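Note that the chains take the letters A, B, C, D and E in the order they are written out, and that residue 1 is the start of every chain.
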Amino acid sequence: MTTSTHLVYLIALPLLSAALLLVLGRIADKWGHLLATLVSATTFVIGALEFFAMQSRTGASRAATQKIFEWISVGAFKVDATLLLDQLSICFVLLITGVGTLIHIYSIAYMSHDHDRRRFFAYLNLFIAAMLLLVLGNSYLNLYVGWEGVGLASYLLIGFWNQKPVYATAAKKAFVANRVGDVGLSLAIMIAFAQFGTVSFDGVKAGAPHASPAALTAIGAMLLLAAAGKSAQFPLQSWLGDAMAGPTPVSALIHAATMVTAGVYLITRSNFIFDASPNARLMVVTVGAITLLFGAIIGTAKDDIKKALAASTMSQIGYMILATGLGPIGYAFAILHLLTHGFFKAGMFLGAGSVMHGMNDEVNMRRYGALAKAMPITAVTFGLGYLAILGVPPFAGFYSKDKIIETAFNSGGTKGILLGGATLLGAAITAFYMTRVIVLTFTGSKRWDDKAHPHESPILMWAPMVVLAVGSVASGFLLSSGSALVNWLQPVVNSQNVVAGEELMKPIVVSGLALGVVLLGVLLAIFKYRTVPTSAPTQVSVFTKAARKDLYQDSFNEAVLMRPGQKLTAGLVLTDYKVIDGIVRTVGWTLGAISTAMRKIQNGFVRSYSLLMLLGVLVLVFTIWLVTL
Amino acid sequence: MVENPLTPHSKDLGLVAAEAANAPIAEQVPASFFKQLLGFWVTFITIFKKVNTVEYPEVKEPTAERFHGRHQLNRYEDGLEKCIGCELCAWACPADAILVEGANNTEEERFSPGERYGKVYQINYLRCVFCGLCIEACPTRALTMTNEYELADDSRGKLIFEKEDLLAPLRQGMLQPPHPMAPGTDHLDYYRGTITGSDSAKSAEHVHGATDA
Amino acid sequence: MDISNYLYLSAILFTIGAVGVTVRRNAIVVFMCVELMLNATNLAFVTFSRIHGNLAGQVASFFTMVVAACEVVVGLAIIVTIFRSRRSASVDDASLLKR
Amino acid sequence: MSVEALLGTDPGWIILVKGLLIFVICVVATLLSIWGERRLVARMQQRLGPNRVGKFGLLQSLADGVKLALKEDLIPKTADRIVFVIAPIISVTACFMSFAVIPLSGQVNLFGHKTLLQLTDLPVGVLYVLAIASVGVYGIVLAGWSSGSTYPLLGGLRSSAQVISYEVAMGLSLVAVFIYSGSMSTSAIIAAQHDWWFCITLFPSFVIYAISMVGETNRAPFDLAEAEGELVGGFHTEYSSLKFALFFLAEYVNIVGVSSLATTLFLGGYHALPGLTFTENWLGGWFTVVWFLAKVVMFFIIFVWLRGTLPRMRYDQFMKFGWKVLIPFSLVWIMIVSTLRVMSQRHTPRAAVFGVTLGIILLLLAANSLMESNKKRRAKSDEIGEVSTPSFPVPELPTKRTEQING
Amino acid sequence: MLNLALEVGRTQTPEAILFWILGPIAVLCALGMLISAKAVHSALLLAWVMITLAIFYIAQDALFLGIVQVVVYTGAVMMLFLFILMLVGVDSADSLVETIKGQRTTSIVAAVGVGGLLTSLIGRATIGHTEVGLALANVNGNVQGLAEELFTKYVWAFEVVSALLITAALGAMVLAQSQNIKSRTAQRDRSIARFRSGSLAETAGLPSSGVYARHNAVDVPALLPDGSAAPTSISRTLEARGDIIKSDVFELEASEVEEN
């Protein structure tokens, strides 16, 4: 373990910058965005330097820690605010700061007409700080602080245009859904503390093998709940679609590339818990499989380009969660997919933002069409991302997604077939809805109003897109060639400690199968969307209707959670009013009567009050006198 | 534009050359810090300069010619007083420092040439402001001022000067009044200044001396 | 000499201060009595410090002084403000709270 | 021999003798300094000054003192009699007390007893001087209040506000000395100046102390408490006879006091000028007193020089100067000093020290230029813009110099 | 006296002498503070009590605290009291007649009760009659010892207290200066404002009544150089009272202006 002194800057700089921008107010309007971008870039540079430093070290000394201060010291319970930069965190640090910086740059142009641009950048920096704290904390409690911090930043950014009530509601929805997950995390921390007497990763890791299976399952379930809340997994997935109310860079950074992957990080970080508890793993894969299909199905029916991408994100994270549930090798593939997904999904979101920018903030894809000519760069970068998410070789998605499908098939028995089938089906649907997005947006006939004048975005916007597109082309190959990432993460997640299970299918077969279903999906989509009506057809099948309504997730929430909750509340209110208030009122009336009598003491003279105090002291001293007699 | 009637014409007011007139007003700013420190040099170098002090009781510098000092009641050349008791000086006095009481001359007791003389003449030097208005008011030049300035004393009473304190001393050829006018003259001759202190005074002195004896 | 004599003195001074706070009407004198009480406790602190042979008592007394200074500054500012509006420094005149 | 060893063995009678000696020195110094001041200011104004009583007028102050003592002692009817009497006593007592910790000489032989000419050496000596000075303010405040009339009250308030304000700056200027000497005891501070006097190494502190000691003693140009044009005599307007003489005495002893403190803290105390250290052994060590007195006299001459040169400041300017210039400046200086001190104690490389120093200088320059540009901007905003001429004739605006030749 | 106090800290009997001289005086002064009608006298007596306490501190080996006591309490706090007493002008004698019924008796009884109980408690206490002494704690010097405690163990409290001090200073300033936040408009400001008003007509100030007019009574408006009346030249008080004649009567005819 190496001791570093620079880690704190990763968090302190953006936090300071955020505070500065918020405190200075309008003074900082002119240069606030530049400062924020600079800070973000600086953190990236620090991250990169740390990465190189880490590469130059070997073995156990690769991980670096820095103790900032003694945070909590209650009796035997001690928590230090310590930062831990190991092989896992550095992936996240680079992703967060790298993509974050690109999106900062993108936002300079994207938000240039907004009055509150400075505030926006302050929130972005706040988010960067919180997210870095999340991935750098070396105990669950530290992680929890970052966890809440990103929740706050996400809330602030989704509701950035809170003058519109719908957006404000969306922000609230995200916040509440996240709170449910947070309760899960805090419960997990409490159980862990009760079980192991410590909340640091090391401590829990050391204690995990000796803990009772029930406790481990409970912790795992609670961690999964937390992950589901933050990563929009079933059953807490409903907020992500609404979160698209925020500015598009936010969607790209927080709701595609970084924050929503925090759940994956949490599970990966807690690998020692899940490794020790098969039940928890089963829950994880179940949730992952459900969500990946759920998101994909929703994605097929969305006309709003951002919501379609959001559904896709949900589905892709489903893949990752599924992967984490598959055991040690799965963690590495999950992280691999997370990184590649970070590139291509962020790129596509930025592309969507660019399209919206050119189309006067129109989000309905049915009003796009034939934009490839008008915005060639956007179209090309978006297309590269598209190829990546489809898993076409040699683009990034191929390396990551196919590995997951393969591992799912290989997990053995009926479970393996079920999971593999789900992932394959997911891949097919993914191909369908992504092709639908491409077709609706960039090809076909133009369907936009004459008022719209689609044009290519400024360089500040397309440059990040290009960078991300390059990432979505190359990252998969780079990270997986020679199992680079798997080896890199080995010390953290034991990814090579795989018990060689029976191989259900050869990798090449899996790849072929996957490519086949993908081709099927693509062709289906192209065939179905030869012509596109500008308004969505109403005479559609039950399935389409269900998909349009997000598979009734909100209705489900309403029926299962909200209505009974309201009933309960009403009942409680009635009880409160009649019974409790009745008692209280009686007490109050009695007290009032007594007070009226005692009011004469309250004569407004300070001296009388001080005399009463003196008498009180007299009584006190007298009591002591009696006691010590 | 019509010429502003209230603008002063430079010619009328004797303004300096047009150049100076057109120069902008310099801003009133304090001098630089180091320039201000020059003041310390001034006081320091003054220590070594010659002292202006006159060490008074030992050294007495003559006053200016027209210095307003103590008053003096003058006499004619033969010793008769010039004061005629008209009280004009007292009236002129802004500080009300002068008290005059006139009285008639008689042939037996004559102090001044004319009809009246100043019987009581007091100047209160606690009040006198040495303005000299009394001198201007005096019709006979009886009251003038000397250059004497050492008037300090240790009681209030001593600072009210009586007639005998104020009267000019008898010079050569003067005779202490009362004595008659020079023979063959009247007060107009005295007024015109034709009287000299020669014979008549001598004779009068002689007479006086004889009576004294 | 019995060192607890200092403690007796402290108790007596404290008592006098307490009487002053309750009896005097002039707000400034009331404040001074509060200061006397604080000083009495300080004396006790210093004596305790000597009894126990460590400096914690002196440190406490040091902090008391600072806090007393703060209290006086704010208190006197309040008195001045009250005096400006009511032309009186009597604590009995500032009895608006009773209504 | 160490200071404790020298002072600790003093028998009671030696302490008494020393106390008496200090008292005598203070009173004689007062008499002489009044005479000296009058003579010197007179020379600055091309006059002679008192030269009648005694040789060169040396006994003039004594004569004045006797005259004052013999004058009628008046107590105004509205005065608070007890406080009126106590006030001058407090003033005088306080100013003498601060001499207890000031070392007047090195090791000397006093009636066959080896000792220092210092009454006592406290570990918090300088703080003690400040404490006594703050008690001395009571004399002024109470004198002003108890006179029962307006001018003294205002004068008393003014001068005590002044003394308190400048005490802050003074205390702050001393902090740098404490930091560098590592002690608050006067003898240790003198010892710490063995290599370099603090007036060189801590020059800014010295300047601040020198300014605030003038403010502290109510002397010209800071003698606003007795601004004759505004307040008649200030806090002592109603005082006469011996009580007035006591205030007079207190003022001059105070001047000597702050001067000796300055000597002790910044000019190496009783030590000789560098290069002349052999003189410290002359007269069995008693020659150090001469050095000490020479330095004090030098300070006193500066006092007089200031009085002879500078006009009295306006009260608000004066307070502004104290609070908005001296105190912030000393705070910044203390920060710098402590930074450098910590660096030197931790043996920071020379380059780093230079770098920090350079940075500080750059920062100061930047602040200065900022202030300058701000001033310029304000001056610009003060300019009067275009004004329209009304329909009726008005005189021209005086934008040009028009010099009128008289007669 | 200081020296004496230092001396007695080390021996027993002189400390007792010091205590039995100064202690009763302090109590008497405190009582005097309680009963003196003039607030200034109270303040002075209290100041003396505080100085006495400072001497006791020094006698008890708390040298630094003793000096600080003088600086802070006597020098700053009591001086502040005196200032306020004099500035506010409540320096006249207070009436000592009790207005609240039973207040005085009750409080004296209660306070004496508290004092008596405390005394009794101290008398019964098992610790406190012997001392460990500060010789060991002060071995590096009292100031150094205190500094070490303050800047290591109590550094957090120290910082908090410093924040409190700043807050208190700010609070006091806000309370006392709230009326004077804006600088008063001085003559200079008014002059600049006049020139900035945009018209030279205002620059010279208001004309006085009767200037250039046919009459010089106060209720007759001044005439401007073009012959028109200037209503602003008449005092607003007169206007309010209605003691004013119609001003256009006094205006010059155009022909008259020509002649002039």
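Here is the rule we go by: a residue touches a chain if its C-beta (ideal position, glycine included) is under 8 Å from a C-beta of that chain, and two chains touch if they have at least 3 such contacts.
Just so it is clear, the structure is predicted and the values come from calculations on it, not from any experiment.
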| item | value |
| --- | --- |
| Contact-graph separation of subunit C and subunit E, given in steps at minimum | 1 |
| Chain ID, smallest distance between chain and overall C-alpha centroids | E |
| Chain at maximum distance from subunit B, centres defined as averaged CA atoms | A |
| Between subunit A and subunit C, centroid-to-centroid distance (C-alpha), Å | 57 |
| Distance from subunit B to subunit A - Cα centre to Cα centre, in angstrom | 109 |
| Distance between chain centroids, defined by C-alpha means - subunit B, subunit C (Å) | 74 |
| Subunit D and subunit E: spacing of chain centres that average the CA atoms, whole Å | 25 |
| Junction residues of subunit B, two or more chains touched | none |
| Residues of subunit C touching at least two other chains | 18, 22-23, 25, 92 |
| Multi-partner residues of subunit E (at least 2 other chains) | 64, 68, 76, 85, 87, 100, 103, 107, 110-111, 114, 118 |
| Listing of all chain pairs that touch each other, if any do | A-C, A-E, B-D, C-E, D-E |
| Touch list for subunit D against partner subunit E, complex | 15, 80, 82-83, 86, 100, 119-120, 122-124, 127-128, 130-132, 134-135, 137-138, 141-142, 144-145, 153, 156-157, 160-161, 164, 167, 184, 382, 384-385, 387-394, 397 |
| Sites on subunit A touched by subunit E in the complex | 603, 605, 607-608, 611, 614-615, 617-618, 621-622, 624-625, 628 |
| Sites on subunit C touched by subunit A in the complex | 18, 21-23, 25, 30, 91-92, 94-99 |
| Interface residues, subunit D side, partner subunit B - complex | 40, 43-48, 305, 308-310, 393-396, 398-405 |
| Footprint of subunit D on subunit B - complex, ascending | 4-8, 10, 13-16, 20-25, 39-40, 42-44, 46-47, 49-53, 55 |
